[in-house]
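Only one structure is covered here, and it is reproduced in the block below.
Each chain carries a letter (A, B and C) given by its place in the written order, and its residues are counted from 1.
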Amino acid sequence: MPYLEIDNLSADYGKVPVLQDINLAVERGEIVSIIGPSGSGKSTLLRVLTGLLKPRAGSVAVAGEKLRYDSPKDLRRAREKFAIVFQQFNLFQNMTALRNVTIAPTIVQKRKAAEVEAEARALLEKVGLSHRIDAYPDEMSGGQQQRVAIARALALKPDILHLDEVTSALDPELVSEVLDTIRLLADDGMTMMIVSHEMGFVREVSSKVVFMADGRVVEVGPPEQIFDNPQTQRCTDFVSRILRH
Amino acid sequence: MNYTLQFGQVTPYLWYLAGGAWIALQLAVVAFIIGWAIGLVCASITEYGPKPARIAVRSYVVFVLNTPLLVQIFFIYFALPDYGILLDSYDAVLIGLALNAGAYMSEIQRAGFRSIRREEIEAAETLGFTRVQSIRYVVVPHILKVLYPPLSNQFIIITMSTSIAAIFGVEELTGRAYNINSITFRSLEVFSISAVYYIVLTIVASTILYTVGRYFFRIKGSVF
Amino acid sequence: MPSILEELPRFFNYYNSIFLAKAFLYTLVLSFVGCGVGFLAGFVLAILRTRRINRWAGLRWLATLWVEVWRRIPFLVKLMVVFFAFQFAGGNVSMFTVAATTIALSASAFSAENIRAGIESVHPNQWDAAETMNMGGLTALRRVILPQAWSVIIPPSMTYSVGLVKSTSIASQIGVLEMTSVAKILNQKGFSAALCFGSILLMYFVICYSLNRLAAYMEVRLALPRNR
């Protein structure tokens, strides 16, 4: 039985359907990347999983247990299991890097402050920011902010880390430092769902690639299949257009 | 005391109150127009005038902005007669309202002048507009659009301020409410109905101003 | 024509000076209590109107209705409604309570608007991040949103408070001994209107001008980046 199982999941923005009958399974330790043209519902899928958008139909199960997003208890459970890193970092502007990382473990998970802080320092060191611990978000570069955001998500000890186009808002020269951090997590065996436009990176780290278009999953397969030998016309078109430049 | 609400005794006066609302609205319109003119003159002097005039105008504006309208009118109505300026209550209230509104509208219009962008005029001139044309087609529309929302808001504020006239015996909406109260003694009913009249009056005024702004100045936003 | 200069020493005798000083304090306390209570009420209203915290649309709508109603009634009429409403309810309350309640009602409406604008000025992605980290709405508001919103909330709230200090003059209509009542009383005792009303105009000016300067200072001060 897969660790995360998404069954016929659908969601709407108002009356516009944005996700239709999504089926997807993620095993522990897997890195699943979601690619596709903009507006295909990739980010929306992550927003639904982390409870920012209520699904209309379908189900999500973790370790065989269904999560009902309309129940506050299940919603809380979903957010304990899934952490998300956003395209725009979404760091709390009124807090230092360290406080951004420690706030949820201390006030939400009610863990001991000293223990959390030690962990947070270790995490910030891991993402290469031990020298920026007391900096506020507006004093850091985009790449630094995004690495703090990754540390903040990891501090919650999630089972699955969701990365929503985490390099899209970065200046080109800052992309690699964030990708390096994600590689580090991959080496640790972190389960991840990655929405990304960095095709080379996707191909390198993913165990499975999902191609989405118009709110549907069009094709799923190992990176070699998706990039070298796509089975569907839409995926072929998309990949050839991307790889041409 | 056993007091039960009896709106029935007030209903015969509903038209009388509506007439009061009409008087309040007239007072507000006149005060607004005079205040707007005062504000325009003061704003121009503050921005472009010679220094002594500027200081005089600033003193007037800052003093009025930082003192209560009611006391200003008390001063006009009770103190000026000692110096030979005798005003009836309606005129005293109107002058007070207009001077007060003038100070606020001076600030508003000053901000409007300051929002003029030099580059836009230069752009118009490079397109071959004459001075007059660039003022007519670039500067004025821009200022109107910037000024419209705060000036509309000011009109609503003046409309509500007119209720102070009742204190000086002017029989506008609040004044008529006092009259009905002294006849019927249904105090809570009379004043809550008057409150509803003010709510309706300002909502109608806001809606009209909003609609005008939307169609003539393409101003976005909402009534509430 | 009466000469103000000749009248001055007689006007500012010991008794009158104490009377005016008390009235000055009365105006300050009345404004402070009314604005304080109103600000707290406005806070609750703003929270009730925040979709991320209060998901019950009916309650959001009621909070909006409250704000719209009290915003659109002139102070004098509000004062009368409150005065007679207390009488109707049979409560034997002081005139200070009536006046302070009226100010609080006005303040609740405008501060609800200011606080809501402040909350909305914070980028929604801050709520998103807090939510996905399992922070409740009120926790997110306290820890994340408000610390970023104060700079937008405080300066206009202070400016509006100046407006309410000025409105306290209307409370003279129900006989509370604030500055305007005292000026009227002194005027009836035979002192010249110019002196009576002129001196309290100056006293109002001192309060309002200082408050406005403070608001302007806070606006600059809070706009500095490192103010958390």
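Everything below uses one rule, namely that contacts are C-beta pairs under 8 Å (C-beta built on N, C-alpha and C of every residue); 3 or more make two chains touch, one makes a residue touch a chain.
Note that the structure is predicted; figures quoted are calculated from it, not measured.
Remark: the per-chain Cα centre closest to the mean position of all protein Cα atoms belongs to C.
Which two chains touch most often is answered by the contact tally, and the pair is B-C.
Spacing of subunit A relative to subunit B, judged by their CA centroids, is 55 angstrom.
Each chain gets a centre from the mean of its Cα atoms; for subunit A and subunit C, those two points are 47 Å apart.
Put simply, the C-alpha centre of subunit B and that of subunit C have 21 angstrom between them.
The set of subunit C residues touching two or more other chains is empty. Within subunit A, no positions touching two or more other chains are listed.
Among the residues of subunit B, none is found touching two or more other chains. By the touch criterion given at the top, residues 125-126, 128-135, 139, 143-144, 147-148, 225-226, 228 of subunit C touch subunit A in their complex. Subunit B meets subunit C in the complex at residues 1, 3, 5, 62-63, 65-72, 74-75, 78-79, 81-84, 160-164, 166-167, 174, 177, 187-188, 191-192, 194-195, 198-199, 202-203, 224.
Considering their complex, residues 1-2, 64, 68-69, 72-78, 80-81, 84-85, 87-88, 90, 162, 166-170, 172-173, 180, 183-184, 187, 192-194, 197-198, 200-201, 204-205, 208-209, 212 of subunit C touch subunit B.
Here subunit A touches subunit C in the complex through residues 50-52, 76, 79-80, 82-84, 86, 88, 90-95, 103-104, 107-109, 136, 138, 152, 156, going by the rule given at the top.
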